[in-house]
Each structure stands twice: as C-alpha cells, then as structure tokens.
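Chain nomenclature is as follows: A, B and C, assigned in order of appearance, with residue numbering initiated at 1 for each chain independently.
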Amino acid sequence: MMTRKGVSIFGYGYKKVSNLLLLLLIVVLFFVPQLAGKYPMYMAMHILILSVFALGFNLLLGYTGLLSFGQAGFYACGAYGCGKVLILIPSLLPGIISGVLFAGVTAVILGFLCIRHTRIYFAMLTLCFGMMIYSLAWKWHTMTGGDDGLVGIPRAPLEIPGIFSIDMSSLQNYYYFVLIVCLLAIGLLYRIVKSPFGLILQGIRDSESRVSFSGVSVKNYRLIAFTIGGLYAGLAGALLPPLENTVTPPLAHWTHSAEPVLATLLGGIHTFSGPVVGAFLFYVIKDVIVRFTEYWLICLGVIVLALVMGLPGGVVSIFEQKLIPWVRLRFAGRSLH
Amino acid sequence: METLAFQGLVGLSLAMYLWLIAAGLTIVFGVLGILNFAHGSLYMLGAYFAFTCYGLWGINFWLSILLSLIGVALVSLVMERFFLRFIYHLDVAYQLLLTFGFILIFDDAVKITWGGVFMIPPMPDFFSGAIPIFGRSFPVYNLFIIGAGIGVAIGLWLILERTWWGRIIRASASDREMAGAIGVNIPILFTAVFMFGAALAAFGGALSTPVRVVAPGIGATVIIQAFVVTVIGGLGNLKGAFVGAIIVGVLTAYGILLFPIFELFIIFVVMAIVLLLKPEGLFGG
Amino acid sequence: MKKMTGVLGIVLLLAFILTPPVSAADLPKVIKIGGQGVTSGAHADYGRQMIMGATLAIDEINAAGGILGSQLEMKFMDSELKPAVAVKNARYLVQEWGAHLLFGVDSSGVCMAVGPVLPELDRVQIFTHAATEKLTEDLVYKQGIKNIFRISVPVYQDSIVAAMIFKDFPEIKRWAGINCDYGYGRTSWALFKATMKKYRPDVEFVAEAWAPFWTGDFSPHLSAVMAKEPDAIFSTPWAGEAVMLLRQALLLGVFDKIQLWWQAMGGSVDALEGLSREVAKNQFQGKLWATARYIHNWPDTPENRAFIERYLKRWARYPNYSAETSYSAIYAFKAAIEKAGSLETAGLIKALEGMKISCPGGERYFRPEDHQAVYTVPAGKVMHDPAYPLPILGELRVIPAEDYYRKPPFPPVE
C-alpha cells in the first residue's frame, strides 16, 4: 500500500493514521462536557473560536503572504452585529449570520483600501483600521454601548421557526453548537485552500509577478482572500455574544488582533492545522503561566522570540521536519515498500 | 480666532512627541527596511529611564535625558545585534512578529522592574511657568517641546543632507548592496542607525516624563499614533513624518475643541482619506 | 435471618443516635475567596490596595479563628480593565480554583460583564469599586440579578454630592466638564447637570471635553474647555490620569482663572500622594475640591482609627478607598456566613439583604431594593495638614447618604 510519505506505521499508511487521529480528536471533542469539567468546556469553546479566528488570519498570512494585524476589527464587527441582532430577534441563526455578513461587508470595504499596498504597509494599515473600528465601538455609545458594551445578550435558542427549536441556555448545548459550526467552518476552509483558488493564493505569495503575468488579477484574489479572512474573523466574533452575554470594545483592540497572530506563530504558519494547534497551545500556555506568575506577557514574548528565531515553522514543523523522519527511520524496516 | 490659534499651538506641542517617535521609526525603516513595532516600547523605556534618573535618583534633568538616551540605545543594541540581524533575510512578517514579541517582553519587564503603578516625577523648576500667548497662558514646557521637536527636525536634515555620515546613510537606504560593495560596513551602520532611531524615541519619552503618566502600556498607544502619522506622511519619508505628525497633532487638538465626541476617530478618517487620494502617503512614492 | 435483621437494626439505631448531629454550619475547612481588580497600568494602585485591604481582613479573621472555624484563603487576579478577561477570571476562580465567594472589579464596563455571569456561576459577589449606577439600578433592581451586592458608593457620590454642595455657591454660574469618555464619566456628568439644574436653573454648562482611557496629554482638553471661560470645572478622570490632568491644569494657569475645581475621586490616596508637592506649595489656591468612596480621616471613630493604625503598621501606607471597601467586604461576608450558617447562595443573599454592618468607613446598610450599600462619605477641599504625610480632604461637607442617593423606581439618567 503506497503512502504519501512512504511511512508505514503498523501496516497503515501515514494518511490513514492521521485521518484516524483526527477522527479520534473530534470524538474526544464531542465528549468534553462529559469527560471534563465546566471550565475546560468553556476553555474548549474559546479554543475553537480562536481556531476559526486564526485560520482566517492564516489564510492571509500563510497562504497569501499578507500579514494582517487588524483582524480583531472584523471579529468585533461579527460580535457587535450578532449581539445587536440577538437583542432584537432572540434567535441564534439570524444573529450569527448577521454578524458574519457585517464582518464580511466591512472586510470588502476596508480590503479595497488596504489591498493595493505592499506587505509592511498592508500590516500597518490593517493595524490602523482595526483601531479605527475600536475607536468607533468606544465612541458611538448610542449604538454600541460604549465601554459598557452591549449587555444582556440572550443565549438565544437555535431555531428554524416551524421546524425545530433547541434551547441554548445550558452552556453544554451551546458547546455542541459551537463545536459543530467550527468543525464545519474548518472543513470548508480546508476545501478552499486545497482548491485551485488556494493554489493561486500560494502562487501570489511566492511570486506575485509570475502570477500576474499569467493573467490573474492579483488584487482581486487578494481582496477575496481578505474578505474570507474577515468572514472567518466575523464568525469567530459572532459565536462570542451568546457565550459571554456581553460585547465590549476591547474585542477590536489590536492586542486582540495579536491573538490569532500568536496562535498561528506557535502552531505553524506553513500548514493548515498550524493555527488550530497554536490556538490550543496559546490558551494552555497562558492558562498555565497565569497560575504561577502574573507576568505572562514576558513569557509569551520570550516564546515568540524563540519561535521566530529558532522555529519559524512553529510547533507543527517539529512534526513535519523532525518527528515524521524519525518515525520513518524507526519503522523503515517494517514497511515493505 | 484666538481660541483656534491657541488650540493649534497646543496641537503643535502634541505633534512634536509624535514627530520624535515617527522620526526614529522612519529612519529605521528607510535604512534597514525594518518596521519596528516595538518602537513605542522604546519611547516607554526612555520615559522610565528618565524618570528613574530624574525622579528617583535626583539627577539633573538634562543629564537624566542623556542617560535615558544612552540606556535605551544600549537596549536597542541588544535588540538589533542579537535578534533583528538574524531575520533580515526572512519575510517581512517575521520582523513584525519578532518586534511584537519585544513589545510583550518590555511591557512586563517594566512592570517587574518598576512595579505596575504609575509614576509621577516633579516638574523641573525652570519649566514650571507659563507665557501669555494669544491672550492665554501657554506653558513654557510645551514651548520647550515644540522647540525641541523643531530642533531635531533641523538637526536631522543637516545630518542627512550636509554630512558625510548622512550621505552614507542615504546611500545605504537607497541601495544596500551597492553601498556594501563600495566599502560601507553595512552591519555596523545598521546597528548604529537602529540605535539612533531608538534614541529619538527615547528622547520623546524622556521629554514627556514631567507632564505625562509613566506607566506600562504607554508605548502601545503611542505606536498606533506613530503608524497613522507615517501612513499619512509616507513610509520612509522624514519630511512626510514631520508633516504627518503636525497634521495628526493639530487635528487631534481641534477635534477636541470642535467635535468633542469624535476626537479619537478623526485621525483615522484623515488617514483613510489620504489613502484613497494618495495611497503612498502625502510625500511617499 | 430474623436475628441478623434485628442485630442489624439495633446497630443502625445505635449508630444513628451516637453520631454527632450534622451542624447547620457545614462549612468546608477552607473558605476560598476570589478577587479581581486592575493591578497594572495607570490605575494599578486600586487593585493593589484591594489586595492589601482584603489580606489584612483575612489575616485578622484567620487569627481570630476564622469564620465558624473555617480558615479563609484568597486568590486575586488582574482584570486588566478588560471585561472579557474579568469574565474568564471569574469562571476560572469559581469553576477551577473553587472560590466560594467573589469580590472586587474596578471599572464599570467590567462589572456590567461580570454581573450577569454570577447566576450561572451560582456565587455572590460584593463589588468594591466599579461605580456605574447601572450595576445596581439595572442589573439588580430591574433585572433581578440578586447575586450582586455593592459595598462602595456609586456615581451618586461623584456627581450628586457635588451638585448638593455647589448649588449653594451663587457666584458660580458657568460649569465646564472634563470627563472620562466612558460610562462612568458620562453618567457622572449627566447626573451632575440634572441635579444642578433642579436647584439652580440659572447655571450654564458652557463646555465639555472627553478623554478616553490612556489619555496622556490633557492640554488640548484643558485649553478647549478654558476657551469658554468657565467659573468652575467638573472632572472625573481618576488615579494617575487625575494627577496628570491637575498638573497640566496648573501649567496652563487654569487655577488662576477658575474659582473652583471638582475632582470627583481626587480624595483617593494615590491621587493625594501624587499631588502632595503641589498641595504643599498651595498651588491649587484652595480651589480644589474632591471626594472619594472612603477617606481615612472620616469618620473619626475608634474603629476607623484602629483600622488605619493596623493598616499602616502592616503596609506602611494609608488605605485607599478600595482597600477599605475590600476589607469591609470580607467582614460583610463573615457576618453573612455567620448569619446564614452556610455558603449557599440563597442563604447568603438573604443574610446580606438589609444587613447593617459597622465598618471603618462608618455604618453600612445594604438596602434590599438594589443591594447597594448606603453610607456617607464627605467631600472637602484638598489641603495640606501637618498631622499627615499626605494631603487630606479638609473643610468637610457631610451630606447624609439618604439625602442624595437615588431611590427606586430610578428614572433614566440621560
């Protein structure tokens, strides 16, 4: 049985094993409420949300070569959009969809202004526009509630009127909703990056001139990628209000934009799963550090330095570059091909 | 009318802090091609060092400023020599990520060293007066800041245009390889320029200590404003940074006077307008 | 078979009789108290003082035998003035660390986020600083979230007290406001204006400036406001920002032009310490008025004096109001647990509602309508007093809290 990397583990190919592990992980995720306590379930939701957030970010960085430091702006659009709708229409689906759409529209508009620029400029612009959204959220208090934010957002039921209605007031039910939505979103993004569209994005990242010589409009593709990144950030943001029941301006601050950046850096920029691994690591590291010392920023900063200097591929690269070759070496004798 | 003029003068003094930070940022970017995200943190360190010398140890004000410049220059030396240098060849994203890591480290390092509480030093006596301008009292210290900012602007212009050093810097900025080929020691030059840029930021921080809170996190606010200034003025252009700083400072001041609700938002709107009309910035390209 | 049942029955009966009765106070050996506040940045002193005040109370209680025999343990986390962080901390404290009781939080945005989570966590929180009236008027009175109690005076102190004092200054007609550009500042300014207008329809509000968090430079705000030549200024920025604002005001010669400046939380220890040099030189010309949520020199009771002495001995600093509120919160919890006999939420709520407790800051009454503690804090002029190493509030005006606290049904503010 020929495998992707010529590795064979107990007779099963590499791809089959990794698929099996993925399935196992998903099954475990479905049983988190039963296996773990309330707080780990709560953390798991945050990790899932950050995964979606970071995956959208990495579509821009890892696949298209654009570093956006303003994704939190779109996250906030998703959060505020969802929150405002939920207060008016206490039904989960309209809220989430509104948040995502609002974020998407904002991404298209701001993307148009940012896309024409080179990489450093692009990063600065996204940073500044993210802060612009922050200042708007803070100032326009008749609309956003100012620094108090939107309060009293209901954890509305998931319903299609006339067909079904699932009550979400138990955090466990909402956990399953978040899990399913995130898995679907991650799956969808996987399809996107594996498609010809994804390949073109990588081409733009690697050699912009070549791609544009072949007749492809680089700007349009970048704008589409930026919009998708914004939509995913918006989805992550929209999942938040029913969880926390409040939406406040710091969600749009650039220090929040740094979270998907850090998660992706930790997990690995060059792989699809990097941001997801990184999201998990980010929360675990922060949670662990905070129990021992209040100075978690400096620990995180040192980790960032170590990663950029020593391991630009992130944690996942340890698997790709070190672990798999080791496994291959170790089990080489067992494989018959 | 006098109110407007007075408010504009206040805005000018705000602008000078921004100019000092933006100047350092621009020089570093122009020569090294690095956008130092941690530049605001260097401003913060400058403020802390100056405060320590002046407010805690009672050293003379001017000497404190000098010591703060030296201190921050040394910190930036370590940053450049042992970290940034190794990632010049990597993608731009890594520079931003690395310098972002430094922001996190500096923020907590400052908390660990000085504690998280804000600090307020005394005002140097010779500055604590005010001068009547446009019929109202304008603080002498603000005038000093304006003077210092303009002095730095003139000084930079002189160095870059009129000295041998300046020529080398400009050459290396426009073509690094060629400059290396004709014998310029690029690594040393880069370190020196980085330290100089850091010193400018520290100068801004040190000057701000008598009038602004010294606390962790002041670097973060300032870096955003500096970015807006450079986007408006044009990345890598000193003249642009100067004009951009004045625009942002004065507009902020007028915003507070005339549109008190939208002050924070105004500079972003201006930035968006500049981007629409002239994407490379007013003096960029 | 019958014999066995019989013996078994007797053994069980004996066991039942001979085991000591399960006491009503079936408390865990260690009662865990979780606290939150801001411990970094320009407002860090408030979180730190909370820790200091609570620690003092806990050590005193533990030394005296704890609460009904159980010792107290505290864990304090930094809320970073961010609502999302505070909510996460609250969940961590209750669900992971096992906190039985909660206290703290500094800012209004944060308390509005944490409050609604408390029923889900099934815990009671005594809020010790955040001042927005919405916490008690909306969340407790209107929405019925009974888990919330506040032991510190709300924005009524910052705004209504000022109006009650300055309505009697006929020569002051033009007011300007330099306010925090978030809920606290907005509500304070609105309440102040509304109250002033009621008593003095001749008063004008000529200018206003808004400063968000992290404003470093207030000179544009000051010059904008002074352009309209006000008689007096109403100002709400607090902590380090208050000190800088006043410093910059001095530089701009503001105190030569105005007759009066009200710095709402200027009576807070960190602000007083920051201004000591200027006060010693009388640069404020006796025009600076302020209040706080507790001041160490009032009331002049043995309890307050003893508290100050113990606090100074332990921490070598004067207690800030957040220290006194946290200290008193711990004692309030003690009284509630002793009254209820357990840590059950419903029992604690019932015990706290309507409770009168004597604290260093005076007697507090947790009124049942909205769980807001009612107690009086005076206002006064910031002045130098040789008996103290820091400026104090003097020429105190004491207005009983019942006279200026808002009461149900709480008409809208703005």
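Convention: contacts are C-beta pairs under 8 Å (C-beta built on N, C-alpha and C of every residue); 3 or more make two chains touch, one makes a residue touch a chain.
All of these numbers come straight from a predicted model, not from anything done at the bench.
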Chain contact graph: line, ring, star, complete or other?
complete
Have a look at B-C versus A-C and report the one with more C-beta pairs in contact.
B-C
Centroid from C-alpha atoms only, then distance subunit A to subunit B, rounded to Å. What do you get?
33
When the centre of a chain is set as the mean of its C-alpha atoms, what distance in Å lies between subunit B and subunit C?
38
Going through subunit B residue by residue, note those that touch at least 2 other chains and give them in order.
111, 261, 264
Subunit A: positions in contact with at least two other chains:
138-139
Which positions in subunit C are in touch with at least two other chains?
39, 212
Which stretch or stretches of subunit B touch subunit C in the complex?
3, 6-7, 10-11, 13-14, 17, 111, 115-118, 120, 122-123, 128, 130, 136-139, 141-142, 208, 211-213, 215-218, 221-222, 252-253, 256-257, 260-261, 263-264
Interface residues, subunit C side, partner subunit A - complex:
39, 77-78, 82-84, 87-88, 91-92, 95-96, 107-109, 112-113, 116-117, 120, 132, 134, 138, 143, 181-183, 186, 212-213
Please name which positions on subunit A make contact with subunit C in the complex.
37-39, 42, 46, 138-139, 141, 146-149, 151-152, 171, 244-246, 248, 250-251, 287, 290, 294
Under the touch definition given earlier, write down the residues of subunit C that touch subunit B in their complex.
39-45, 48, 208-210, 212, 214, 216-217, 219-221, 223-224, 226-227, 239-241, 243-244, 247-248, 250-253, 256, 270, 274, 277
Applying the document's contact rule, which stretches of subunit A touch subunit B when the two form their complex?
61, 65, 67, 69, 113, 116-117, 119-121, 123-125, 127-129, 131-132, 135-136, 138-139, 254-255, 258, 261, 265, 269, 295-298, 300-305, 308-309, 312
